[in-house]
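After this come two complexes, each holding chain A, first together with chain B and then together with chain C.
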Partner chain A sequence: MQPEDKTAATRIEITEDLTIPKLFYMQARRYGPQRVAMREKQYGIWRPITWQQYLDNVKHIALGLIKLGLKKGDKVSMIGDNRPEGLWAEMATLCAGGIGVWLFQDCLIEEVRYIIDHSDTRFLFGEGQEEVDKALSIIDECPKLDKIIWDDPKGMRNYHQDCLLSLKNLVEMGKQLDKDQPDLFEKLINRGTGKDVALLFYTSGTTSLPKGALLSHNNMLTMGRHLMDVDPCKDTDDYVSYLPFAWIGEQMMSISCGLQIGYTINFPEEPETARENIREIGPHVMFAPPRMYEQMTREVQVKYLDSSWTKRKFYEFSQKVGYHVADLKFDKKPIPWYWRFLEWIAYITVQRKLKDHLGLSRVRNAYTGGAAMGPDHFRFFHAMGVNLKQIYGQTEVAGISVVHRNGDIKFDTVGKPIPGTEIRITEEGEIITRSPSVFLGYYKNPEATAKALRDGWLHSDDKGFVDDDGHLVVFDRTKDVFTLRDGKPFSPQYLETRLKFSPYIKDSWVIGHNRDYITAVMCIDYSVVGKWADEKKINYTSYQELSQHEEVYDLVEEQIRQANKDLPEAAKVRKFTNLYKELDPDDDELTRTRKLRRAFVEKRYQDIVDALYSDVNTVHIDTTIKYEDGRESRINTDLQIRKITD
Partner chain B sequence: MARTEPVQDNEILLELKDIEMTFGKVTALAGVNLKIRKGEIHSVIGPNGAGKTVMMNCINGLYRPQKGSIYFKGEKINHLNPHQRSRLGISRTFQKVEVFGGMTVLDNIRLGRHIHMKSGIVSGAWYLGKSFREEIEHRRFIEEEIIDLLEIEQIRHKPVGMLPYGLQKRVELGRALALEPELLILDEPLAGLNLEEVEDMARFILDINEEERWKVTCLLVEHDMGVVMDLSHRVFVLNFGNMIMDGTPEEVQNNPEVIKAYLGEEDLYATRR
Partner chain C sequence: MSATWLPCGTYHESYAQDHAWWQTTFIKGKMILLFITVFIVIPAVADDYWLSVCNQIGYTILGALGVQLLIGYCGQITLGHAAFIAVGAYTSTLLILEFPWPQFMLNMGLAYPISILIAAVVAGIWSVLFGLPSAKVKGFYLILTTMAAQFITVDFILTQYVSQIGGRGQAFSLPPGTIKIGPWSIENDIQVYFMMLVLVVLCVAAMANLMRTRVGRAWVAIRDNDISAEVMGINVVLYKLLAFFVAGFIGGIAGAFWISNLAAISTEHFTWFLSLWLVGVILIGGVGSLHGAIFGSIFMVMVMEILQLAIMPLADTFPKLLMDFLFIKEAAFGLAICAFMIFEPNGLAYRWWQIKNYFNLWPFSY
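Coming up: the complex of A and B.
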């Protein structure tokens, strides 16, 4: 256990009565105009927003919503990049008694329509022209949608529809109401209890339409409390908010934990500058899905290949030392003094700089969750000296339920339950959870609720087991688990994450349930393989053309052979093909949190699957792909099928 | 779909009167007349070799026409050098990007701001109070107005030479805007861009022209007819140095002579849709 930290923020007791607005009001008055609640990089400069400003903005937006006629329990949706206005809108919704709904910024119009309609949204906060356009195109089909509020004036000069309102005007309305009824805001804050619904969260849904999970104030707050009990943060810490607010992990860090601790939330200038901005801030805590860490790994691997001989030698040395020390730590063995010395050398020569470039130099705890992370990636970060921890959780427990503890990290597990959480494995091997953070049910979907919630236990539909040290091991989604030809169960996710450890591979999809052998559909990383091709003087004009080059097939085959090395005979990949495009959420192949929708891709690429299990060398593809703005383009090509023999 | 006339007084910003320009025995411009009103986007179209770029060069002073006169805000500017004309408020971009490849995006844009610097050489050399304050002020303008408008935050410290062509074009536009011009000459701003970049660039041109903050009059030379007809208030058609007509996009599209000379040839009516 972590020793009690004297500088940790004052512990806040979560009572039945406490709501997010009450806590927010308490913290905002405590920190006042002296402390920075959030920062946003604007016009190249980090601009601070104090708790007082945070409070004032939320107050005026909340009162503006009341003026517009918001009733208790009305749904308010938000869509847009991570920015202070987004968080203000959410907090204001909660303060005014509404229920917050977040949409992914890159949602297609059809998804936006479904969620707005299904959630009975009355007010929508969009960022700028793009979001307003999306909202205007669906407003006729969503009769309950009243007003669309926007805050970025860029390109909005020709929009004069009655249903549109600028955030500025909304704030003015709020200010007016505040003048007329100065005690109204406090009254609004003080009503309600922790049991009330705070957020309606649409789960990404690997199998079906998104389901709306209802989370109470108490769910959110207890979740944050319990995580902070395990890994306390300080109110002087920095956190960078750049992952979609529609993802529960970001809500957990920005609202559940952020509000209790009072750390500073930093918003990047633009999504494209996020990585650079993270480096400038150097956050103390970080929570991201595996793909962010995979991206970092790829970057390091590629830069390594590009660097000079001396640098490569130093890097190899520090890797060797790092891996050895990390393995000693994983095995909970003492580290001899000479290894400590070598580790120090590795630190001052390579690791320190590397961590700085990745923005990880101040990170105390880095978490990964939301999908499976391969042991190779996981060890890679520990070898660099980053305290990376796996978590396990879902939207339905308001974030996470299981996490690694300091000094007790195993790279093939997700750790132990957080305080207040019970984890059990049913006879069928399903992971079930009970805690105060377990959600209230799905919105307008009693069957799904009855299936997920039984006697207070949340049924996750994930298969797993608890190992001898009490760590939870998550195997895979129940329906995704393979049976190999030798009859053993096998997790395709495990194999996919192994394949992805190669910098050349962006995504992979492994097939082989009840089949004679395992096959894979690979998506190359366009920029990395493109650069490799430039150096080899291979000509290409598009992803499609590059992916089908003979040399690229050789390259991918080499990567698969690497991953095949220590796998049991039956689990080795025997055939593969390179897909002509990247897997994309816009084509429904991935969820918005980039999890593979296996059943869908299997149906969509039936031809490819058939070809992989028959005796052919190529498969003909004739299909259309659609872009975010609705445009479509036709693809007509042949894919090679490559066999891998020993 | 053409746009309606800008609701502004019809003040003439730039006027060309009987401009004639010959190179040896080749007549590039044969008595061209053009009036550009304040606040409009005025396009010049014509086949290759029609004399469009020569006309632009005459306006910003790279070439001196042999005959005729050029008036900017009612004042004759024939005798002025390019840098004097840019001080008056005429700024331009080039058909082939002319940026400083080794300098960063920010430095390139700053360069366009040079004309507005008032501190002297001595104070600049020692970076004294006045220069320092001035620089902060201009940097603010560049960051808040230009970089934000053109959405190039993520590349502000990158050397321009390393950027893709589409972004280089954006940087060049940024540099032209840094002058805070009254008249912006855009010489084929869309050439060589892909569909997405064309859409972005068209939006920037509209922003510059319509947004209260800018309200810049634009003189646009472009081959992409779809964009020209969408963006322009007026279109000027040039063919081998002669003006064929000057009118609204509809009038131009329906003029038989224009259709014969230019639009009728399908491959020249190159739109991307």
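Coming up: the complex of A and C.
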């Protein structure tokens, strides 16, 4: 039993019968017009939307969908930025008995077509012209797609296709239906049980075509419940929703947790202003993939380099103190009073301001997950006094299964399983999970389902082990783990994240499986290295040219040497080259959540890999790259190969 | 200069909140401290001499506010602001001395407050009169027309005609007891000081408020580019004249207030040099900022006082210094302007903003 505290009063019992719509209806009626359910920044102010307005909108959209002919179990897809309308559409779909499918905003046509077609989507909610264009270009190939609903009228004046419908009109239809059958909405809500499918979630897939995971209401709700049991939230908390809804982590925070706790969800003005908007809100909970924290780290490092002498000295002092205290805490050693005092000084002189700049002043729990995070980044945040925790999870468990506990944080682990979750390691070292949140199966893919779900255990395809403290250590995707020349297994992601701790490095790709030595392909950070080059008076006109400068190679070499310092001999990077472009999800090199698609890049850059493992100093590249707008350009250049000797 | 820096976790759900004053506890605390200082600490510790210096500062602030509005916010350069202050002073004086006030109003001390209001309106209208050319001319030509205001008003009308009213010749003197607000007769420096404080607070608040309304935005738009402003639907002539009216209005208040501190009102108090001086104040303080008007006034008055204090001990050995103090003062004024134009062209308000920024951006530089 949980101890009785204030949150216990609002604690919601999750029964077999409870669905997301039922919970939503209950919460909306409880909080009513007094409480703010969400805010959206528009024209400079945070426009509040109360629970009552939330309920009304969802009700009308849901009834509108019913009027359009939505049957129980029909799929409704959604694509667009994070904004209230997106969440309304999703909630309305669930209320009307449909199944929600989210697409990444920046999906290419091909991916959109695949998902829409594979999921048998009948209705598509798009934000505006861009999404409508995408949908219109594939509608002929997706015969099941009935209607495309849009809400941003910008640029939509000359679209008169029959399959298009504005959200306004849909709401009007819903209002009409509500007038005719006032109790219909309540009836819709009350049908269904927790076992019904709520969401069809496409996994980003580092290796193959996306697979659709079927998640039930119960999966989602138990997920939120168990996470909140570990780190309770309050209904007065603020949360900023800016990561794609198509990412399970965002669903977990906005729906699974948000709905149960009733905290306020804030939507940024534009994706580009997200960072600034987070700072304004100062959220209490944060869940972001490592790249977000990596960006913050880089920002701090770069700004530190540019600040004045006095400020730098203060910063260095606070870093020293912060790291020392954080390390003591990691080791669970007592902190002597004088270190506490120094920490306090560091807090009032630097750390408090630093957290303020990053928008972390009010953060109680910051989570990172979805990809590996380097220990350097992790220590960096703890040295600043931010309670950053690793989590481990996947779409198939509706979010997460393992998380760090307060005061029990080890930066090379992902923590302990959340309540209701069992974790085991198979004989092959694979991590398997059993919990009420484990998904129902993959949509239209029984083979994959049979492979992933065996006797109620979810097979993750990730390697790892449980250490002496009961913490789970995740190694990597099974097929991504390296075997070094000394026969030891090694995680390339670990190396890559270490390399990425340097502000000058944006991405890195480490190669070395079954090879004699480790090599790396580096992507410099254009803005940071560009600024550095400006100061050094190095001329360049493009990323490609900058990346191949001799001085830039020296700079990158220096960064690699830093990372090499405390690595075992066999794991040290021995050769590297600077890539002529940044790795990009649009070129399929990264997934939409920015995970490296190792097999793909290895094939694509075969020449570079070969050159790195032969005795040459340059590798010739002759290729075409495709820009987002469809233009192509030919790249004809030589990449330098640099050796790193001790 | 940019919007106020707000700490993390400060957000606004409405435009009213977005434009509220004193949004953080830190700023609130700071302002409360400021009010305690000026309303309680200064009157408690300052002697009559320093109170009179404060009054001088307050008068300069009131005068500079109007100049700041015209030059800093509306882009209409004026070199004749002393004329409107003079109009305010003379209107108020004449009303007190010559108007047949009913006895009960005199008893209730209403004559002076009412005269301040009327003086402000008259000065405002007078200012609009000389603002009319601004509909047609800009830049140097407008400067000349505003200078004309100075000479026509002060050197011609006030000196030649108005001063002759009542046959007193050069100056009007206000007998003790005539300057009375309600039950209080304004007779000594501390009373003037409090009256000054109230007026300065009211005028600064009014100006700050005006600047966040449509009117204020229209003025700034005209300053930045009058053609664009017109394209956006702003009636440029109307808003320019409105700016002249408000500037004259505040100038009138300044003048009407200043008679409480003067024994005799004569045109010598409102020379062209005062107009120039006020422009200097806002240049040094910072153009286009209310802080600028205040900082500039404090700085200029204090420099003169310190100069005076520095010269006093030397006067025994160099008696000529004392005789020539007026010239030294003007030289110092010129020197200060030159120095600021070279080293701090954006004025003290910008420096203040930079100091705040230094700490706001801590531990970074941007």
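Definition applied: the second predicted complex is superposed on the first by the 634 of 646 C-alpha atoms of A that agree within 3 Å, B and C clash if a C-alpha of one lies under 4 Å from a C-alpha of the other, contacts with A are read in each partner's own complex, and residues count from 1 in each chain.
What we mean here is this: contacts are C-beta pairs under 8 Å (C-beta built on N, C-alpha and C of every residue); 3 or more make two chains touch, one makes a residue touch a chain.
Values in this document were obtained by computation on a predicted structure and should not be read as measured data.
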Clash or fit, chain B versus chain C on superposed chain A: clash
Touched partner set for A:356, first chain B, second chain C, both or neither: second
Touching partner for A:338 - first (chain B), second (chain C), both, neither: neither
Which superposed partner A:309 touches (first chain B, second chain C, both, neither): neither
Partner chain in contact with A:44 - chain B first, chain C second, else both or neither: both
Touch count on chain A, higher of chain B and chain C: C
Chain B versus chain C as contact partner of A:155, first or second or both or neither: first
First, second, both or neither for A:281, with chain B first and chain C second: second
Which superposed partner A:273 touches (first chain B, second chain C, both, neither): first
Footprint overlap on chain A, where chain B in one structure and chain C in the other make contact: 44-45
Residues of chain A defined as touching chain C within the complex: 36, 39, 44-48, 279-282, 303-304, 306-308, 311-312, 314-315, 318, 350, 353-357, 359-362
Contacting residues of chain A [partner chain B, same complex]: 43-45, 154-155, 157-158, 269-270, 272-273, 276
Chain B residues within the chain A interface of the complex: 140, 143-144, 147-149, 151, 153-154, 156, 203, 207, 210-212
In the complex, chain C residues that touch chain A: 6-15, 17-18, 362-366
